[in-house]
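Each of the next two complexes has subunit A plus one other chain: subunit B in the first, subunit C in the second.
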Partner chain A sequence: MNRTALRFALYLSIIALGIAAPFIVPGIRTQLSFLWIMIVFALTWDILGGQMGYNSFGNVLFFGVGMYACVLIQQHSGLSYFPALFVGIAAGGLVAVAFAALLGWGILGLRGHYFAIGTLGLGIAAAEFASGWDLIGAGSGLVTPLYPGAVGGRETFFYFPCFILAIVTFLSLRRLYRGRFRLAINAIRDDEDKAEAMGLHTTLYKTVAWCIAAFFLGLAGPLVGNLIGFIDPRDVAFASSSYGVWMLLMAILGGKGTLWGPVIGAVVFHITQELFWTYLLGWQRVALGLLVMLIVIFFPTGIVGWVRERWPERFGQRVDEQAQRTADQ
Partner chain B sequence: MDNLLILFNAPILSVQLLIDGLLVGAVFALVAYGMALVWGVMNIINIAQGEFVMLGGYVAYYLYRAGIHPLFAIPVAAVLLFILGWALYRSVIYRVVDRDLFTSILATFGLGILLQQLANQLFGADVHIVPSGLHTWTLFGGMVTIAQIKVIACVFALLIGIALIWFLKRSRMGQAIRATAQNARAARIMGVDTTQVYATTFGLNAAICGAAGALVAMIWIIQPYLGLPFTARSFMIVVVAGVGNIGAVFLAGLGLGVAEEFAGFTLGAQFQTAFVFALLVVILVWRRIRLARQRRYLS
Partner chain C sequence: MIMLETQNVRKTFGGIIANHDISLQVDEGSIVGLIGPNGSGKTTLFNSIVGQYPIDRGSIRFRGNEISRMRVPTIARLGLLRTFQQTRIYGGMTCVENMQASVQQSQHSWRRMLSDVRPEHTEKAENLLQFVGLYSKRHLFAGDLSFGQQKLLEFAMALMSEPKMLLLDEPTAGINPTLINGLVDRLQRVNAEMGITLLVIEHNMNVIMNLAQRLYCLAHGELLASGTPEQIRNNQNVIDAYLGAH
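Moving on, here comes the complex of A and B:
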């Protein structure tokens, strides 16, 4: 069996498993929905953080903006549940893109650590504004409309959009990373001035990359909001200290700058979290801080990066064994 | 908007806000000076800066609980935080000193979460106050009140700042710190133990933050989550003032204090934190637009 067939089989089995999962193990379908959302988180963070070298602490902003847009439409549009939900999700994605385009004009001109801290400020400012603004529920948050179907049907219903979103995000990025786009954003990561001197419209590429990340996050927001059923500005929508940190943690854990890295990181992190987090009894966030520190200091290449260093020949890099031996001696 | 009208109708209130802002701004400037020190010498932006402030505040709180007047907590907090900063450098920070900036930002970000959540677990999430037992002066027939503790805090912040400048200018270690800031490699060649210098600098920064934290506990409140706003404040002060300019840091700190008091009053107290972070973003964007005109960027 050649590689293409193997890869095709892998994708098919993931899709088959994804569709069958809520029926095989219905008890954990909410956790599984979150697994797919985590994959979206890590993948979208990696567009800027890994591929473009713009490490953002504030991507959770788009997630929250999308969530608020959708729930406000659901509450005030007067449509019945499913059309309102559909319009709301679409609006969530569009509003997030609009935010990204507007903010990108100002923020993306910042480089390196200024960008990192600027986006950190952005995420927290959004949370604080949302929790002070009475029109969108202020600190007490918003409640999503009641799911009209049977009890327990909501979790199954929302599992599939999450699953589809993760697959679509993955495939879109896979397609995107094949072409000129990836070369351009990698060039920006490696040396932005040189990239600009070579005639790349760096600002355009940066904004487009941010908008893509924002779009998928803006779609993920409404799903999570409806899945949880309650929107708290600080802990659900603009949750910098949980989702915001997880995003970059998962992408770095899996291996930033690779396509599969964030996926693997998200799966590993989410499973670890679901299995062990409850035993920590309130010490979860302490563990999270420790984990961020340890991974950044001791494991910056991530899982995929480590595998690549360990077995470079599997990834099409030729290793001169004689030179290796000489080097070892 | 209603509050803005009040401000117009009773201009004396703005004197109140101005004085409060100036007094509080001195404490902001102190914390920012610590950040500028670490940034200039070690080329690290310490996101855990505000967490040191928070820990200093808890030192003051527990000393107060033990029956000691919180003003004596200032040196105690400084010494304890110096030891903590030193230990953190020796265990964590030395691994990221010569790595790229983002690694150090992420590592100190993780450290910040760690300290914040540890404080949350160990001390509880409750908001505490540390009463200093001092009085308030009233001016203009009760329209303007000045808490004595705020004046004392401002004076202490100034004294600590002056002591620090003296230390950096005169002492042997201070000279070594400045030499390392100019050129770490050359300093090493000249026989400066840069590891020691880095550890001292980081400890010194933590000590400054600890002292500032004790002041903050007395003039405001103390709770585990007050760290990040302080990090944001110091960062924007340093961005506006520049890393090596102590006078500008002080002025920018005062300016931020005043701006924050006025914003808190006109927008409402619930938006004060939002204002701090939004101002951070606005300042960064404004700086970059100014620089972009000259085809330069913030770095």
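Moving on, here comes the complex of A and C:
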């Protein structure tokens, strides 16, 4: 089988498994929904963190903003459940993009460590802000509208949008990374001054990249909010110390700056995390901390990065032997 | 036609005057050299021209347009590019990708931003890599190349974006002697065949005397002399400050 057919078969089996999973193992459909969301987290973090070299600690902001936007629409629009949900999800994505565009205009001027520090406060500030604002429930949070279907139907219903979101995010980024967009943001990662000196529209590329990440996160927020059924500003919407940190851990574990790295990282991370919860209860945070340390020490370039270092020629890094011989003669 | 003209450009860093009222002129299609001892302000002048440093006084005109208040990417898109003394390439990308990322950016649109790399650009990238002698290394990470090879790659990247004028900061530094001859030949071909005007900072006197039609010599931030290579070679001020007696 050639590579294209192999890849096609891989995609098909992932999609088939994804559709069948909630019916095969209904007991863990919520965890499976979260698996897809984790993949979205890692993939979107990697747009800036991996491909563009801008380590953001604040991406969780877009997730939370989208979540709040959706639930507010669900509660106040007066539409019935499903139309309100649909409009809410779309609004979540758009509001997140608006936030990214506005913030990016100010923060993306910072570089390297300064950008990382600058974004560190975003999620925390948003959580503080949200827990003090009565209109959005302040510290006591918001409850999402009751799912109108059968009991237990909600988990199955929300599984599919999560699954579809992950697939769409992956395919969109795959398309995006194939063309000039990736070249430009990779150039910014490697040497932003050089990119500017070559006339690249660096500010525009950076802002658009952040908006793309924000869009998918803004769609993920509403899904998670409705899946959990309750929005807490600190622990669900703007969960900097869990989702916010996991985003980059998963991308780094899998191999940042690659397409498949974040996906693999998210799967490995989510599964180990669930296992820690199940078998090491009480020690799960310690185990997670150890895992993080082991990742950084032994796989600094991530799983895919490690594979690429071992077999660079499989990734297209090679000397053209024939051209070399011609040149030597 | 005058390609680039600076008039009384002054740049200070605190109390240090790095460029003291420098006026020079580069005609379209010519090759002009900029020489002078280390610390005489050559690279500072380059940085001022391309918009990296805001100048304190004076005027810089590129093809008749005042560019002294423009930002770096804007000036680059007008077709005035520079290469760096310490080479700057995109280390984590392959040579071909480095080239593809350097496609001219002057016509921008959203569709182009999100589009695929065009096949003719790939072809052009490979032709230019062939031109500088890096074709066989085209699928290697640029960061794994030697310093000299990176220098050649940076030169090729500049050509990729089809500039009207190139400012080259010590193009032969760190390149082995046999390659230097090839490089000089390539610079001349770039000038003659592609019609790119060149302003070159160079310490290798053999190279610059053969290459340039006109030379400017800086010392201590001031313009010491200008003229043909012959005139510069025999200028007593230049000999005292820079060339030394042979």
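The working rule: the second predicted complex is superposed on the first by the 298 of 329 C-alpha atoms of A that agree within 3 Å, B and C clash if a C-alpha of one lies under 4 Å from a C-alpha of the other, contacts with A are read in each partner's own complex, and residues count from 1 in each chain.
As a working rule, a residue touches a chain if its C-beta (ideal position, glycine included) is under 8 Å from a C-beta of that chain, and two chains touch if they have at least 3 such contacts.
From a predicted model like this one, the values you see are computed outputs, not experimental measurements.
A.B. asks: Contact-wise, after the overlay, does A:94 reach subunit B, subunit C, both or neither (first, second, both, neither)?
C.D. replies: neither
A.B. asks: If we overlay the two complexes on their shared chain A, which of subunit B and subunit C does A:14 touch? Say first, second, both or neither.
C.D. replies: The answer is neither, since A:14 touches no partner chain.
A.B. asks: With the two complexes superposed on chain A, say which partner A:196 touches: subunit B (first), subunit C (second), both, or neither.
C.D. replies: A:196 contacts subunit C only, not subunit B.
A.B. asks: Quick one: classify A:125 as touching subunit B (first), subunit C (second), both or neither.
C.D. replies: first
A.B. asks: One more residue to check, A:180. First (subunit B), second (subunit C), both or neither?
C.D. replies: So A:180 only meets subunit C here.
A.B. asks: For A:79, decide between first (touching subunit B), second (touching subunit C), both and neither.
C.D. replies: After superposition on chain A, A:79 lies in contact with neither partner.
A.B. asks: Which of the residues in subunit B come into contact with subunit A in the complex?
C.D. replies: Answer in residue numbers: 45, 47, 92, 95-96, 101-103, 105-107, 109-118, 120-121, 228, 232, 235, 239, 268, 270-271, 273-274, 277-278, 280-281, 284-285, 288-289, 292, 297-299.
A.B. asks: Would you pull the subunit A residues touching subunit B in the complex into a rising list?
C.D. replies: On the subunit A side, the touching residues are 55, 57, 106-107, 109-114, 116-118, 120-122, 124-125, 128-129, 131-132, 138-139, 241, 245, 248, 252, 282-283, 285-286, 288-294, 296-297, 300.
A.B. asks: In the complex, go through subunit A and note every residue touching subunit C.
C.D. replies: 176, 178-181, 183-184, 186-187, 189-191, 193-202, 204-205, 208, 257, 316-321, 323-324, 326-327
A.B. asks: Which stretch or stretches of subunit C touch subunit A in the complex?
C.D. replies: 50, 52, 72-74, 76-77, 81-82, 84, 88-94, 97, 100-106, 108, 112-117, 133, 135-141, 143, 157, 161
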